[in-house]
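Here the structure comes first, spelled out in structure tokens, and everything after it is commentary.
Residue numbering begins at 1 within each chain, and the chains themselves are lettered A, B, C, D, E and F in the order written.
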């Protein structure tokens, strides 16, 4: 089948060899949700957090995490990211995170977008857990990617 | 309300001051799921991955990520972890990750367990995405914690 | 003279051996300034930055940098920090950063406080440099320290 | 005004999108000073430090810090640096650090040069603080930059 | 003589300036050995390690270490690696590690290959030291390099 | 046999659980050699390196690497090191590195000492490779350890 590119012919984990691929513009968008009570969500935007610190902290954590992706995911390539944008917004049952990442490189940035969204969700969890321990992170996935040999893709 | 301990009186983000708390034994367990097709799940355990590399790589990524928690979550305290155990196992609609972390410290390890589970899920995603781009990470949450002033808690 | 504790008998750089010292509560406060035009300072707090993002980003960068001190200053000991608080406030000729760090450890946290203040200043510089390239970071110093064998000290 | 490029239209912190800019040769020079007593400055170059360890350690810390800039300054781009040079030399009231950094990239290296100079200053502080706690880091600024769309600039 | 390119005209350590060199395809292979008793070697592949975890963990540690080379070796350039492959195999008196690294960059990847091999050896040591404390890491060297101005080279 | 403590009952890699062990004073010493021609060794100490920069850089790299051990070796515990000392000295066929590390912790520091010695060797290699590509790192091992339940040990 040969479909798991992170394994070599002997089934050994490896970083995929992209040395023969041309660098091209690539982009990926990922999203994730933190499900919480209405009360906790209000708190995240409430007077107590009058400077929007909960939201701002999570967005920054997402941006910084995208830059650490190759350090966190064992077989990811280190990439020179040209844009990272992370936004936290209210959603039906809690908060939604959207992360968009761009590069010009030999491989794509889906994992960077997912890592940014994931760490923004975890940071929201950390900052709100004093109010609600039972929150759940849900629906973390790639929404779309563009560029590269495999072309565009939308969830 | 005073419920968001990560904000000071002026609504400014801060690391919670735990300098007056005694160090005590603490433990936390977190879980997460990667939802995927039956075909992809088979692939993760199949002959191609004959050395269990997909599973082993994700488990290691989880262990290593737990040690980076304070570097990833802006307001987390750096803690001396005494045990980290991450296990990936088959689940109904994909794979389940369970992460258990222990410390003797002035604050708990819920975020360390969540970070371990989260990065193990992301690593599974990375290693299987060549087979299925539409996987979704779900149900990432704390299952239980013990120790510390706030006592034991189970989801 | 024996006054440079970071050099051994042969003049070789070393981490000071604190293995015989008892852990005790320690605290340090450092400050720093970013000198800028009145116009730039207004911008930092202005409507454009309506969520206080410039200030919030710098404060978080300071908190996160304190946790990286041992990774940045070659001969610093890795310490389990129990509290980090960084505040940016208006000053006569720009912005003032104050960083306060606590630990219970075998050595003090002056360098952690200075590193936090320093990186908060650098982050303010980064976020405001599009408006004014000629800003200057000034007056970065330890204001006070307490705890440890050498006792309390105030600038 | 639109002058703070690190904020998006909603005032949210973001990494500036440089994906449409061409990579070009860029260079930046920064300086900083550690103000200290004449006695302490003598110590830094004295027989006790007979191998120049104080100076050498600070220079290396500066070089290594430049490579960590994107990890320290939340909205900095990760860049492939092609040259880093840090020199510590005697100055009127203490020691002067000069850091020069080069890259071929889509954005400039002012923050890398400033970070190198800043951490070299902090390391000098660390190594000399046993002799003088009241040292002050002063005059940390960009001296010149060249390359890129905004062209050359000198302080 | 001018043969130590990491020292400037004043004998000061520096990162070599490669800003005038063109990026080109480069590759390096390094090897290392962990000498151990036959009994310990058997253990590494035995039923107890039925999932090949000792070997798999060491290979991953090597891959991840290659990505940290510039963070570990003070004067190394940060490089965008396009391929990393690490294999552990039985050898006459223990285990052999072979690491192969590729990049398209202004400088070579010998140090990345050596760092990968070195950390894979250290990880084998860590995982087997409960069985044998007296293991020795031997024969860590560059086997071959290709690309760049200095051309190909074989040990 | 149960001799590989890094594998759980199912053969899965794990960080050893030390949560029930008492913290105690521990120390480890490791050594390593870089075998090189006499000519290269002379160069390392020669007039060109008049400030001892080759040696000083390698010693510092060793000290800094010891602090990164838990980040490099997947199953190592993060430990609060109380002393790190690395010395490079001439040896029969090149240079010898000796690294000594101390902690008060629930587990030992053999891997920290080995990592320090290993990275000091790699840094010597990096700084001298312009003169001699064929150097070999040899004899990297633990010389002695003390403290902890398993008691003292000497090679």
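Everything that follows uses one rule, which is that a contact is a pair of C-beta atoms (placed from the backbone, for glycine too) under 8 Å apart; a residue touches a chain by one contact, two chains touch by 3 or more.
For clarity, every value in this text was computed on a predicted model and none was experimentally measured.
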item: Least hop count linking chain C to chain F through chains in contact; value: 1
item: Intersection of contact partners for chain A and chain D; value: C, E
item: Farthest-lying chain, centroid of Cα atoms versus that of chain D; value: B
item: Rotation angle (°) superposing Cα atoms of chain D on chain E, nearest 5; value: 120
item: Longest centre-to-centre distance from chain C, chain (CA-based); value: E
item: Chain centre separation in whole Å, for chain F relative to chain D (CA means); value: 30
item: Distance from the mean Cα position of chain F to that of chain A, given in whole angstrom; value: 36
item: Between chain B and chain A, distance of the C-alpha-averaged centres to the nearest whole Å; value: 15
item: Interchain centroid distance [CA atoms averaged], chain A/chain E, Å; value: 30
item: Residues of chain C whose C-beta touches two or more other chains; value: 12-13, 51, 53, 56-57, 60, 64, 68, 71, 74-75, 78, 80
item: Pairwise touch network: line, ring, star, complete, or other; value: other
item: Pairs of chains in contact (touch as defined earlier), listed by label; value: A-B, A-C, A-D, A-E, B-C, B-E, B-F, C-D, C-F, D-E, D-F, E-F
item: Residue ranges of chain B touching chain F (in the complex, touch as defined); value: 25, 56, 59-60, 63-64, 67-68, 78, 80-87, 102-104
item: Footprint of chain F on chain D - complex, ascending; value: 51-53, 55-57, 60, 64
item: Chain E-facing residues of chain F, complex; value: 1-7, 11-13, 32, 43, 48-51, 53-54, 56-57, 60-61, 64-65, 68, 71-76, 110-111, 114-115, 118-119, 121-123, 125-131, 133-142, 145, 153, 155
item: Of all residues in chain E, those that touch chain D in their complex; value: 8, 12-19, 70-71, 74-75, 77-80, 105-106
